[in-house]
Amino acid sequence: MTDKKYDSADTGLLLVDPYNDFLASEGKLYPYAKEVAESVNMLEHLKKIVAAVREAGIQVFFVPHHRFEPGDFSTWKYPTPYQLSAAKAQPFAKGTWGGEFHPDFQPQEGDIIIKEHWSQSGFANTDLDHQLKVHGISKIIIIGMLANTCIESTARFGMELGYHVTLVKDATAAFSHEAMHAAHEINGPTIVHEIFTTEELIKALGDN
Amino acid sequence: MTDKKYDSADTGLLLVDPYNDFLASEGKLYPYAKEVAESVNMLEHLKKIVAAVREAGIQVFFVPHHRFEPGDFSTWKYPTPYQLSAAKAQPFAKGTWGGEFHPDFQPQEGDIIIKEHWSQSGFANTDLDHQLKVHGISKIIIIGMLANTCIESTARFGMELGYHVTLVKDATAAFSHEAMHAAHEINGPTIVHEIFTTEELIKALGDN
Amino acid sequence: MTDKKYDSADTGLLLVDPYNDFLASEGKLYPYAKEVAESVNMLEHLKKIVAAVREAGIQVFFVPHHRFEPGDFSTWKYPTPYQLSAAKAQPFAKGTWGGEFHPDFQPQEGDIIIKEHWSQSGFANTDLDHQLKVHGISKIIIIGMLANTCIESTARFGMELGYHVTLVKDATAAFSHEAMHAAHEINGPTIVHEIFTTEELIKALGDN
Amino acid sequence: MTDKKYDSADTGLLLVDPYNDFLASEGKLYPYAKEVAESVNMLEHLKKIVAAVREAGIQVFFVPHHRFEPGDFSTWKYPTPYQLSAAKAQPFAKGTWGGEFHPDFQPQEGDIIIKEHWSQSGFANTDLDHQLKVHGISKIIIIGMLANTCIESTARFGMELGYHVTLVKDATAAFSHEAMHAAHEINGPTIVHEIFTTEELIKALGDN
C-alpha cells in the first residue's frame, strides 16, 4: 500500500442508481432532477470520475435500487407514503429501458454488481458491506442519484459501519437546490470524511 | 391487538440522547440548539409525549449516545472531522453532569436502556433492533436530539429495517432552522411514515 | 391474532436451498446427503410441511443459496477452503438444472423469494430480516438443506435477531449422521425455541 | 504491511467470555467444562496465546457475554429455553466475582472492550464489527468459551461479515467432548479459514 489518499488497494467507487430513468433526458425521473443536474454539470462529472477511477485501478461497485414491479409493497404491513408513490410511478421498472443502466455507465469486466436495495441505503438488506470487505475496501467514494436520499443514506450507513466516506457534490443531483444544500452543507459535514468537487476528487486520485 | 394506530402491544417510544448537555440550559450543547428548541417549545413537548406514552402503556426505550472519554477515537483509522471535534468538546462526558439524563427524563422501572451508539444512528452497533424485536415492537416514535443527525439517522435505519417510523417535529431541535427544515420538510417525507406535531401525536395516541 | 402457537399472522416458513442439486436423486450433492436424507424420509417430510403450511395460510419464503458461476471468489481476499471447494464443484450452478428449484418445491403466487445468500446464513447479506419484518413475521420455521450449515447458521442468526425459531429434525439432512446429531442434539438446544419432528410440527400447526 | 500471515496491522484477537465463572476452578460453569478444558490444557493455552499476541503487537478485543441480572428476559416475548435456564443459573452475574474477568485475563491499556452480547455471537447487537473496522482489522483469531456456542456463533457471523477467521481448538472448551468434536471437526471446516492448535498458531504468529 502506498501513501496515496485513495489507494486502489483499499478504495472503492460506489455508483448508485445509474439508471436511464434518472440520468437520461427521456427518463421518468429526469425532469424532476434536470435543473439541479444541469446546474452542476452532473453527467459530465459522473463520466469523468468513472474514467479516472478506472484509470487508477480502483474497483467499481454498481449499487442499484430495486427495479419496480407491479404489486410491489402490496403485501407489506407498513409501506411509506414515498414508497407507495414510487410503486405508482414505477421508476426503473423491471424489464424496461428506464430500468437499464445508462449507456455511459455500463458495467465493465471486473465490476461488481451489488444486490438491489429496497429503499435508500445501498447497504441495507444487500451484500454491499460484505463485498467491500471481501475485496479489502475501507474507503468509499459515493456518486450518483439522489444526493439527499440514496446517496446520503448510503453515506450514513457507510460511516456507521466504519468506512471512510467521500461525497462528490457535483457528481449527484436532487429534486431541488435546497435538497442539495441540505445534503452537502447541512448534513454531509456531520457524517462523512470528505466532501469534494469532481475536480478536487480527481486531483486527490492522482496525488501521492 | 386493537385497531388503534399506536397500540401499546407493538409501539415503542425512542427517547434519543436526553442528556443534560443537550436539554439543560447549562448544558454544553444547549446554546447551539437553544434558539430552535425554544422556538418549537421542545422541552415542554418532550415532557408531554413521555407522559402521554407512559399513560398509554407504551414501552419507553432510552437511546443514548456514547458518553465521551479522553482518548476517544485516537486509535481509529478514520474518525470523521465531526467526531474529532466532538472528541475535543467532550459533550455528555462519562461521569459528568452533562452526561447524565436530564432530571425530567429519568428512566422509570420497566424502561429499557439501549447500548450507547457511537455516532448518529441508535440502531448502529447497538442492541436496539434486537430489543425492539424481543418486545414485539414494530412501530417506533422517535423524539429527542438532534433532528438532522441522531434522530434522522435512527429514522433512516429504522425504516430500512422494516419499522413503521413516526417523527415529531416540535419534540426535537437542531443547531439551525434550516437543519430542522431539512429534517422535516426535505428528507423526512422521503423516509418515514408519519411526521406529526406533538398535539397530533397525542391525539393519535388516544384514537381508537 | 389467535392463541395458536403458529398463527398465520406472524409465522413464516423458510425453505432453504430447495435445489435439484440437493434434493433430486441426480443432483450433484444428493449422493453426499442421500443416506441421511433417506434415513429420516426427508423429501416426504418437506412436502408434507409445505402443504400443511400453505393450508394454514402461513407465508412461504424461499431462501436460496448463491447460484455458482465460473470465477466466483477469484477476486476475494480470503475465500474459505469450503467456499473454494464449492467453487470448484459448482453446485446449483447458474442456468443449470441443478440450480433450479426441485419440481416439488416450486414457488407459488404470493411466495417471497429472498435474495441469494453467499455462504450459510439466509440472513447474511440478504433482505430476509427485512422481508420478515415488513410482513409482520416474528416466528420462523426453518427447513431444507443442510442441517449443520445453512439451516443452523440461519437459525443462529434468526435467534440473535430476535425471532422465535423452530427446527424440524426430519425435514433436513446432512452429509453424515454425526452432523445431524450435532445440529439437533448438541447445538440446536442451545440456540432455538423448538426442535420438532414433522409430525409434531404438523400437530402444532393445527392446535388452538 | 508485511507478508506475515498474521500481521499486527490487520489482525485482532477476540477473547470471548473470559469470566471467572467459566475459567476459574470455583466458577459456576467451570464444573461443566472442566473435563474438556483440562483434557486440552485450555487455561495454559489461553495464557500462551494472549502473551504471544501482545508480544506481536496484535490488538486484543474482549468480547464479553451479557452479565446476568435478576429479571433478565422476563419481558421478552420469546426467550429460548437455554436463555431461561441461564437466567435461572445467573452465570457471570453483574457485580459478582463470577462476572469479573479471570485474573490471568485482565484488560491492559489499549485493549478494547466490546459491548456485551446477549446470546452467543459476539457480533450480534454489539459494536464488534465496527470496532474491528475502525481499527483496520480483517483477520480475527477467536479463543475462549464455549467452542460450540459463543465461539462458533462468533465465527459464523465473522465469516459471513467477510473476515478471515481462525479457531484454536485447544484454546477453548465445551460441556462435552462431542461438542468439541462438532465445533472443530464437523462444523468448523465448513465455516472458517484456519483451525489451529495453540502451537501451530504461535508458530504462524512468528512466521514471515
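Worth pointing out:
In this document, chain identifiers A, B, C and D correspond to the written order of the chains, with residue numbering beginning at 1 in each.
As a convention for this text, contacts are C-beta pairs under 8 Å (C-beta built on N, C-alpha and C of every residue); 3 or more make two chains touch, one makes a residue touch a chain.
Per UniProt, the chains are A, B, C, D = Isochorismatase hydrolase.
All values reported here derive from a predicted model rather than from experimental measurement.
Common neighbours of chain A (Isochorismatase hydrolase) and chain D (Isochorismatase hydrolase) (chains touching each): B, C. Counting C-beta pairs in contact, the pair that comes out ahead of the other among B-C and A-C is A-C.
When each chain is reduced to the average of its Cα atoms, C sits farthest from chain B (Isochorismatase hydrolase). Counting the residue numbers used at the interface between chain B (Isochorismatase hydrolase) and chain D (Isochorismatase hydrolase), over half appear in both copies, so the two copies meet with largely the same residues. Put simply, the C-alpha centre of chain A (Isochorismatase hydrolase) and that of chain B (Isochorismatase hydrolase) have 28 angstrom between them. Chain A (Isochorismatase hydrolase) and chain C (Isochorismatase hydrolase) have centres, each the mean of its CA atoms, that are 33 Å apart.
Taking the mean of the C-alpha atoms as each chain's centre, chain B (Isochorismatase hydrolase) and chain C (Isochorismatase hydrolase) sit 38 Å apart.
Counting partners per residue, chain A (Isochorismatase hydrolase) has 77-78, 118, 124-125, 129-130, 134, 136, 138, 160-163 as the residues that reach two or more other chains. Listed in rising order, the residues of chain C (Isochorismatase hydrolase) touching chain B (Isochorismatase hydrolase) in the complex are 1, 129-130, 132-134, 136, 138, 160-163. Against chain B (Isochorismatase hydrolase), the residues of chain D (Isochorismatase hydrolase) that register as touching in their complex are 75-79, 110, 115, 118, 124-127, 129-130, 134-136.
The touching residues of chain B (Isochorismatase hydrolase), when paired with chain A (Isochorismatase hydrolase) in their complex, are 77-78, 80-82, 118-121, 124-125, 138-139, 148-149, 152-153, 156-157, 159-165, 176, 178-179, 181-182, 186-187, 189-193.
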